[in-house]
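In what follows, chain A forms one complex with chain B and a second complex with chain C.
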Partner chain A sequence: MTVELFIQNVFNALTVGSLYALIAIGYTMVYGILRFINFAHGDIFMAGAYLIFFIAFHLSWPIAAILAIAGSSLLGILVDQTAYRPLRDAPRISALISAIGVSFFLENLALVVFTGLPRPAVQPKWMVDPIVVGGVHILPLTFLVPVVTAVLVLGLLWIVHRTRPGLAMRAISRDIETTRLMGVSIDRIIALTFGLGSALAAAAGIMWAMRYPQIHPFMGVIPGFKAFIAAVVGGIGSIQGAVMGGLLLGTVEVMAVAFNPTLSGYRDAFAFVLLIVILLFLPTGLVGEKIKDKI
Partner chain B sequence: MMTGSGRTLRNQLSTLVAIILLALFLKWALTNFNGYQIQLLNLVAINAILALSLNFIYGFSGMFSLGHAGFMAVGAYVSALCVLTPEQKEIIWFLEPIFGPFANLHTSFFVSVLLGGLAAALMSFLIALPIMRLGGDYLGIATLGFSEIIRVLMTNLVPFTNGAIGLRGIPPYANIWVNYAWLIGTLYVIRSILKSNFGNVLKSIRDDEIAARTMGIDTTSHRTIAFCLGGFFAGVGGALLGSLITTIEPKMFNFQLTFNILLIVIAGGLGSVTGSVVGSAVITLMLEWLRIVEYPLTVNFSFLGLFQVGPTTIPGIPGMRMVIFALALMFIIIFRRQGLIGAREFSWDAFYGLPSTLKRFYQRRFGRARP
Partner chain C sequence: MKLLKILAAALFAVSLMASTGQAQVKVGVYLPLTGQNAFGGQLELDGINLAAGTLPEVLGQKVELVVMDNKSDKVESANAVRRLIENDKVVAIIGTYGSSLALAGGEVAEASKIPVVGTSCTNPLVTQGKTYYFRACFIDPYQGAGAATYAVKNLSAKKAALLTDVSNDYAVGLSEFFKRSFLALGGEIVAELKYNSGDQDFTAQLTEIISKAPDVMFMPAYFAEGGIIMKQARELGATFRIMGGDAMDNPETVSIAGEAAEGFIHTSFPYDSNMPDMNAEAKAFTEAWKKANPDKEPNVNAALGYASYVMVLDAITRAGSADPAAITTALAATKDLNTPLGLLTLDKDHNPQMPVGIIEIKDGKRAYLGEITPE
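Entry: the complex of A and B
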């Protein structure tokens, strides 16, 4: 492999990894607080991509992006209020099944409303004019994705670690009942969690659509699974872990195919193999805390 | 009051009568139903087998498994490899030659279904070895991961599976008699296991794993055996499904398939054999009935000449069926979590006791109202 190609692959890995990381944060936050896998998260990602597609017809791109993120955020909160909130006291598996139901509902609704026809993504021209640096062709988008991801993650970490709602969030993930007794409005904090996670997923959806310039109703399924795997690999419940897991998964995927192109048909299986290996040897992930069974 | 052995004899005779009645109904259906309706009857039986196997793994043994489509795929592919004739195989594998030993393999359909089931059981054993110590939703995710890996392998291992093109022209041996015979066999085996000590052990693990371990139960080996048994019947169901629709391809065995079966299990009632059978009938027929929302509907309705609606045509909405279907699952899980049947079971004792139960019910309900 030439050096140029290798550098290009490093950037590819960084971009894909950042996108996985952004989605993974939503999974990890919801899991940290409510202890169930929000299967519908990948479809919020899809919703973000569709929203910007339609809003960008009428408004300029940056405003459309903000509106799309806000809309997806509201959608995430709506999903929580309608499908998960009635099941707070039910066995966790019920919430999981409800989440699978929401996921299928959103996908099929998108199929009905937007049709299955893939749509082109909105790509501002300055993002896709390649820059040539020493024989390496790189799209500005490739730089933009990790930078935006870093800014969003730092913003999120600031909210979680430096604000009162963030404190409440961390408290809930430790012990929901005690936090309730402390006078924290649990439902509001959970809604905030869903809103933040969905906003990040929508941001990832917008950037994903620009990178693979196509939008379709099932675009969130595979990235969703993979991002969840990234969250587990990093250690579910930890934001830093989700970022690490996402970057690791992106690197494994891109580099394995780059070094051994015959494996390209198996690309979608790498994540699952990585998941199973991690579950076997590091069940709590890279940075996860060990949780002991209480009897 | 009947004695214990008399009651057993009565119950066994009743089961026999019920099976004969079912056979008579199927025979009547074969002459009076059209091909589409017979296909639906077939699907009800196969879905019931699949739901029973998932319910056995999840509802009775407490292992949340989302890998059913993977086991079905293994069963369907192995069975198809066995039952296709060597001439057919030569035509199907035109991209790459078929893996040597399989080229001349040809077995009867029954043997092929059995082999499909065994292959799926072997696969579930291999999967169970590493993941049995995971619990709860981690187990679900890991099984889902394996199911996806199986699907990717099926797309890429062309000498075994013919890749993304799939296998076509599988002989349609899975007729109504075969399917219902397998359903009754599955019911018998699963009911016998559940009534045995092994079944009690499984339920105790499901209800409280730590308590079961404290009692000296080897939870891992029990769960592994249960997982393999469930995998076996999933493989059988997959083999029958492949033969029923005569075409299989990797895309067919996606997460949606697992989801459909999970919905049947949940709708029928988790941990109820009766529920899985009833759920299969209700959901399979409802899914077909929901097709009306996808076709244009002409309304032409008049009430005693007083008022007239239509004739207008409501356009069909393609894809709406799955939207309603997903909503149905959410409604069930939010408003009736225990499903149609709950964890109850049909039994002949309850059936014959129905008149006196009803009498007692009405006496209690209305007897007290008298002054």
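Entry: the complex of A and C
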């Protein structure tokens, strides 16, 4: 493999990896606080992509992005209020099943409302006109996605570590009962958590649709699934871990093909075998700690 | 309680009406109306409905279409056929778009001995060795050879690369047939890359293909993935010609790929609303379509749906009865049947012979370049 080809693949990996990372953060954040996998995350991601698809017809792109993220946040909070909140004190498996139900519900709702037809996404031209440096083609989006991811992660860390609701989130993640006894409105904090998690999912959905300009009701299933795995490999509950896991998964996927072009049909198999091996040696993931502050 | 009585009376009346009404011939339709292949399925259904509107009766009985959605899913496809046969007792079935779906549905029809006419399932295995599966479309060896012939003769291509969805029977078959013909015509295959249905990132595969500098890349994808592949290829600086199969014949190809679709060439069936010399049946179909759907261009999938319905009705007429066994025998003997795709004659493997249409995307629009007979 030539150096040029390798560098091209590094950028390919960075683009897809940072998108996985962006989705994975949402999973890990909700898990960190509630110890619960929000399987509807991938569908909020899809909702974000559809929202921007419809809003960007009428309004300019940045406003559409903000509205789509806000709308998805509300959807996330609504999902929590209707499907998870009544099950707060039920066994955890019940909430998990409810999450899977919500996921199917949202997918099929989208199928009825938007039909199964894939739709082209709106792509601002400056994001997808490649920059050519020494034979390597790089999309501006490739730089934008990690920047957006970094800004969102920093914002999230600031909220979690520097604000009062963040303090309450951390308290809930350690001991929900005691936090409630201290007079914290648990439900409001959890709603905030879902709102933030869903905003991240929508941001990821929008960026994903920029990169892969095709929107359909099941678009969240596979990226959501892969991002969930990335979050687990990184160490679920850890925001830094989610970013590392996402980048690692993207890199492995791209390099598996780059180094074995004849076996490219087995790309996912290569990627997941490696991830299984990582989990065998590091059962709590790359940066997973035993039981400590999980966010 | 009173309400219940009224309901019961109403139900009784309805059932009485149904049983005393005119006898009906039930024809099942199974197509992907939702999911990945919904677009093609919907168009084929439009074509079938159009044909049913034109030819509503056979043997003096009304034809009743029973439509099932196979949801672009192999399991649902088998279920749809089972339901049509066991629940609705249809005498013949039309469908489906998608060879994987047809293979799944065909198993059930074969076991239940109900004839099926495929609309656009082009993989040879759909009818090969089957007694009850027929089709209105050509098969992939023919289509793949058509694409390879065009690449070598008209585009002077010497080196080709393949990018194939390994989880799709249609794509695997078509790539294989393209490869065989391209090699036979003296070409060279420089790269064979693969992916799985549902993948969205093809940059690693495309980077490898670009490094091998082929003249053409053959990519027998469905339009949804195909559009993204073309886009990513151009973003990575690919300058080679991209070619595909009939599954790319869809307006969405251009709306997803945008400028990247420029110069894309794909094979298709020999019908196009802008084709230069149209036969009488194709003209009739085009006019009927424009009357029924003034805002939609007639498309080849609709023509195939239309032709499939015509095939079934022709078979029932010649059989002189709506008995599935008699229809099967009559279908196998289909000869010189007038359809929008030309005169249709089925060979011993239940496949019609027809030339391969070549379409190029020019200025964001499909242009019918003509027909080619594969070598």
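Just so we're on the same page, the second predicted complex is superposed on the first by the 280 of 295 C-alpha atoms of A that agree within 3 Å, B and C clash if a C-alpha of one lies under 4 Å from a C-alpha of the other, contacts with A are read in each partner's own complex, and residues count from 1 in each chain.
Heads up, the rule we're going with is that contacts are C-beta pairs under 8 Å (C-beta built on N, C-alpha and C of every residue); 3 or more make two chains touch, one makes a residue touch a chain.
Bear in mind that the values here come from a model prediction, so they are computed numbers and not experimental data.
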{"item": "Contacts of A:268 with chain B and chain C, given as first, second, both or neither", "value": "both"}
{"item": "First (chain B), second (chain C), both or neither touched by A:111", "value": "both"}
{"item": "Partner chain(s) touched by A:86 [first = chain B, second = chain C, both, neither]", "value": "first"}
{"item": "Which of chain B and chain C A:36 touches, first, second, both or neither", "value": "first"}
{"item": "Which superposed partner A:132 touches (first chain B, second chain C, both, neither)", "value": "second"}
{"item": "Which of chain B and chain C A:9 touches, first, second, both or neither", "value": "second"}
{"item": "Which superposed partner A:258 touches (first chain B, second chain C, both, neither)", "value": "second"}
{"item": "Common interface positions of chain A, toward chain B and toward chain C", "value": "111, 116, 221, 265, 268"}
{"item": "Complex interface listing, chain A residues touching chain C", "value": "2, 5, 8-9, 12-13, 15-16, 111, 115-120, 123, 128, 130, 132, 135, 137, 139, 208, 211-214, 216, 218, 221-223, 253-258, 261-262, 264-265, 267-268"}
{"item": "Chain A-touching residues of chain B, taken from the complex the two chains share", "value": "64, 130-131, 134, 136-138, 140-142, 144-146, 148-149, 152-153, 155-156, 210, 255-256, 259, 262, 266, 317-320, 322-323, 325-327, 329-330, 333-334, 337"}
{"item": "Chain A to chain B touching residues, read off their complex", "value": "36-37, 83, 86-87, 90, 92-94, 96-98, 100-102, 104-105, 108-109, 111-112, 116, 221, 225, 228-229, 232, 265-266, 268-269, 271-273, 275-276, 279-280, 283, 293, 295"}
{"item": "Touching residues on chain C, where the partner in the complex is chain A", "value": "33-36, 38-39, 72, 166, 191-196, 198-201, 203-205, 207-208, 211, 224, 227-228, 231, 235-237, 252, 255-256, 258"}
